[in-house]
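Both complexes below contain chain A, partnered by chain B and then by chain C.
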Partner chain A sequence: MRLSSKHLTLIVMAALIAAAPFFFPSGYYFRVGALIFVNALAVTGIVILTGYAGQISLGHAGFAGIGGYACALAPVHLGLHPALAVVLGAVISAVLAFLVGRPILRLKGYYLGVASLGFGILVAMVLNNERGLTKGPDGIEVPDLGLRAVLKGWGLDLSNGEFWYAFTGICLVIGAWIALNLFNSPTGRALRALHGSEVAAGTVGIDVARVKLQAFVISAVYASVAGSLTALQNKFITPDIAGFMHSVEMVTMAVLGGVGSVPGAILGAGILTLLPQVLTVFAEYEQLILGLVMMLVMIFLREGLVPSILRKFRGRGE
Partner chain B sequence: MSEFLQFLFSGLTVGAVYALVALGFTIIYNASGVVNFAQGEFVMLGGMITVFAHAAGLPLPLAALIAIAATAAIGVALNKLAIEPARGAPVVTLIIITIGASIFIRGAAQLIFGKQIHTFPAFSGDDPIHVMGATILTQSLWAIGGAAAVFVALWLFFTRTILGRAVLATSNNRLAAQLVGINTDFIMTLSFALSAGIGAFAGVLITPITMTSYDVGLGLALKGFAGAMLGGMGNPKGAFAGGLLLGLFEAMTAGYLSSQYKEAAAFVVILAVLFFMPQGLFGQKSTDRV
Partner chain C sequence: MIKTLTTTVPAALIALGLASTAQAEIKIGASISATGPAAFLGDPEAKTLEMLVEELNAKGGINGEQVELVLYDDGGDANKARTFATRLIEDDEVQAIIGGTTTGASMSILAVAEDAEVPFISLAGAIDIIQPVKPNTFKTPHTDRMACQKIFEDMKKQNITKIGLISGTDGFGASMQAQCKDVVGEYGIEIVADETYDPKDADMTAQLTKIRNAAGVQAVLNPGFGQGPSIVTRNYKQLAIDLPLYQSHGVASDGFIELAGKDAAEGVRLPGTALLVAELLADGDAQKPVVSAYKAAYEAKYKTPVSTFGGYAHDGFALLVDAITRAGSSEPAAIREALEGVKGLAGTTGIYTMTAEDHLGLDLTAFRMLEIKDGDWTIVE
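Right, the complex of A and B next:
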């Protein structure tokens, strides 16, 4: 059986995630790895929205905030298990994305960017201001997921870092698998068609508004789950998770690696997550360097790293 | 009544700044089709450079002039180094470039000017003027007057001078403008200088009231952008009116509803405008060419 590129991508991903710990000099790297995987999961959602369908969102951090705060609040106030709180967060995000997406996806380009930005900022503002519920800007504690204790009962004793590395890694592979399947599904083809031309897609019978909305809702669920995982992993969450800069980070990660491709998104997430860790030595210069990297990559490698590098390898043949 | 008047004054003051930022947005958007998220950094730079030039012993007007000139130069550099090389790139790419520029300028400002809050003295003293039970700072009058003066000057520039008309021609159709002999590269440089200079001027006007720090830019950029969109993207009159309206909305929300959610007012208004009249208050209905 010949391996499709989809399976190859997934196998390489899983192998890399499984093999990397053998080269980790200390437990700290598990934590960094888990951070990368969570970011990559959120960015995979952006790939579906921006890379497949060509729609811009500068407000997806709002959904991450909803997912994160669902894990902080639902177990305390509703008595839900944290794992169910993740599902609840995803459902709320999906419903909200459906309601908000309907009117704003009629907009294009910058207008869509601003409308989604406004949505994200409103979510961040509610999280900051409703102190009675969210404890405001100082953040709130998040209960333990409890899965590690269950695994321990089964005789699998992982450190906290190891557990989250493995768990987020598995979530990322599942997320990537869904996204890659979507790419070749009828919905995925419809999305790519409307990316090319909405009018043309409409004339061949694609319900443009409905398909766009689907992409928006799916990507919102990705962001929400990623937000939940962040909250559960840190056992703490602040409204910064829903902030404008987090939205910008997501889009930048996606575009940096190559917005059309899932591996690109993961690479972008990896680079932008590692950058601040490496730059802690030059903490003073962190913003300066981040801004510079964003500009340079976008000017010189417009398509992002992965597509630009692939093109180099393939040469002029294709 | 005096309460309302008080909110009106504070709304007009911040509105004047939003209006100037929105005008700056509009100039760059018209010239290059780029929405410049670094617009707010110009305001920050204008205030900051004035603070430091003034602290170095220069008289305030000269310090302000230097700040405006320096910021205009930075605007030109932004165009030459980051926007021009990426011409024709997709919207997402351009958004990230200008956000990158904004983060870069903020990072540089943090290194050079530090993280403290800075200010300089108001132009004509700190004694407020009493009007029908409300008070207004003289600096507020400077801000409102300054914004109005910039608007009128721009209007005259665009309608009465050859150069201004060349800018309009370039924004309408770059290629056609080149064909009739307009140096569009120069027009582009001019637009960025003008836009950055106006931003810096707004910073000079408002810093004695609100103070400034290295990180005020992003918030102002978003508000200015919102104002421009409220008025109808690409329309200078709309941008000016939109900025002022946004300031008023904010002040009234803060006064009568909740000061915590005053920023929300701006974005609720934007979402409402985008949903119900996507062209903004003054924009023309657009049709797509396929």
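Right, the complex of A and C next:
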């Protein structure tokens, strides 16, 4: 039996996530790993929106903020279990993405970029200013997910770092599996068709506005879940999560790794999460180095790291 | 793709490992917002710690052991602060942590430190950090609530019973506004006007006019930070409001007098730390030698004036050194124990006496009531 490239990607991913801890010299690496996985999950959403459908969002941090604050607020005010709060955050994000995207995505061009930019800033402002509810810029505590305690009850005693490494790793594999399935589904093919040419896609019977809206809503849910995982993992959240820079960061990670490819998104998230940790010695030059890496990739590897490198290998093989 | 991932991941891991290999006998970690929106707080803190560690090692360290400082810049981001706290504890294996410039960063570090039972001294303002008391978390800056209390005490002495409040809507202003409204009743003072402004506003005459017209108002208090209070002070003068104006400890720096202008700032009162008025302290003052030495060393090394915020880091480090010296051990548990026993330690912010119930250890005497006269600070007590 020949494995499809989808299964191969997922198996390699899962194997790497499972094997990496054997090389970890200390517990801190579990934390870095978990951070990478959460970022990669959000960036996978960007791949669906930007890589598949060709739409740009500059406000995805707004959805991460909604997901994060849902986990902080729903358990306290609505008495929901934190796990259900993740679902609630995802539902709210999806509804908001639908409301924002529906009128905007009927238009051609990059209107979504502008609308989502405004949306993201709006969410950040609400989180900062509604002190009565969100406690403002100082941030708010998030209740424990409780799953670690349950696992302990089953005889699986993981440290906090190990638990979140495993949990976010599993979430990422599931997220990547859904995104890869979507790629080969009718919706995925429709998305790629309209990425090529909206007019051509329309003439072959694709409801362009509807499919674009689907992509936007799905990617909003990815960002929201990633925000929830960040909040639950840190047990504390500040409005920074919804900040404009966080939106830009997500897009940058996707573009760096290769915006049309799920493994690329993960690699991009990995590199941009690791760099600041590796570069602490050069903390003052961190922005400079990030900018330089970005420029070099844009000039020499225009499709992003993974697709460009894959192409090179395939080219040689033939 | 397989090749890319398999070669990149180990390479990155190796690079991570290389970043932290140096050996020292006592390791102190710090995660500070040296860049980013809170850099004006974090930059002097980072510089202070670097200077103090250098000084201490030149003098032979603590109990003959050299101290190594592992300093990370979290940019004021709570998520990054948590990562660095994890790194300090798990990877660098530090014995104690100083840092958390912003309240959000402090709350993130605190969770990690409490989990690992490593003592943590926060440099952020909010009272939530030490209340309820957590076994391993301490902090050096006085709280907003104490600033309010100090101001109301002074008002009470002058028989002021009705005041107007004009606050910034930034984190600092809003937090202090809430704390002031919470304690004002204890001093028999009534808030008859409560106005706010956005930190980016360029004119506050509308709000001030409204306050002036409030019935019976006897003084005005401005909890705020940055340029807002300077504009309030200037507008106050332009409107020729003839009531005492109180500012907060958030603007206790020479920069405030410059921004507001000497004329407008005349007569403004605010609670500040001893660091701001080092030369004016009485000779017998317990804080005078500490404050003067820190100010002289910092200004000689960095050629910029000391700030209250650098002072917080100074005090955090002094508390740790004191605790490690008395404990005679650099075990986290021993340091924690000794921190709770800090007694009468003179810092730049105040004189610290910690107990198991009080992990701040300052009282209202930490603040000095200052008044601006002829473009300079004077102490009024």
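By our rule, the second predicted complex is superposed on the first by the 309 of 318 C-alpha atoms of A that agree within 3 Å, B and C clash if a C-alpha of one lies under 4 Å from a C-alpha of the other, contacts with A are read in each partner's own complex, and residues count from 1 in each chain.
In this text, a residue touches a chain if its C-beta (ideal position, glycine included) is under 8 Å from a C-beta of that chain, and two chains touch if they have at least 3 such contacts.
Note that the structure is predicted; figures quoted are calculated from it, not measured.
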Legend entry - Three-chain arrangement built on chain A, chain B and chain C clash or fit: fit
Inset, instruction - In the overlay, answer first, second, both or neither for which of chain B and chain C A:G146 touches. - result: neither
Legend entry - Touching partner for A:P186 - first (chain B), second (chain C), both, neither: neither
Inset, instruction - Considering only touches as defined above, state whether A:N129 meets chain B (first), chain C (second), both or neither. - result: both
Inset, instruction - Classify the contacts of A:L58 with the two partner chains as first (chain B alone), second (chain C alone), both, or neither. - result: first
Inset, instruction - Report for A:G196: first if it touches chain B alone, second if chain C alone, otherwise both or neither. - result: neither
Legend entry - Partner chain in contact with A:L290 - chain B first, chain C second, else both or neither: first
Legend entry - Gap in Å between nearest CA atoms once chain C and chain B share a frame through chain A: 5
Legend entry - Intersection of chain A interface sets (partners chain B, chain C): 129, 284
Inset, instruction - Please give the residue numbers of chain B that touch chain A in the complex, ascending. - result: 35, 82, 85-86, 89-93, 95-97, 99-108, 110-111, 218, 222, 225-226, 229, 233, 260-261, 263-264, 267-268, 270-271, 274-275, 278, 288, 290
Legend entry - Complex contact set, residues of chain A against chain C: 9, 12, 16, 20, 23-29, 31-32, 35, 129, 131, 136-139, 141, 160-161, 230, 234-238, 240-241, 263, 267, 270-271, 274, 276-278, 280-281, 283-284, 305-306, 309-310, 313
Inset, instruction - In the complex, go through chain C and note every residue touching chain A. - result: 1-6, 8-10, 12-13, 15-17, 19, 34-35, 72-73, 76-80, 82-83, 86-87, 89-91, 102-104, 107-108, 111, 115, 126, 128, 169-171, 174-175, 178
Inset, instruction - Name, in rising order, each residue of chain A that touches chain B in their complex. - result: 50, 56, 58, 103-104, 106-107, 109-111, 113-115, 117-119, 121-122, 125, 129, 197, 199, 244, 248, 251-252, 255, 259, 284-295, 298-299, 302
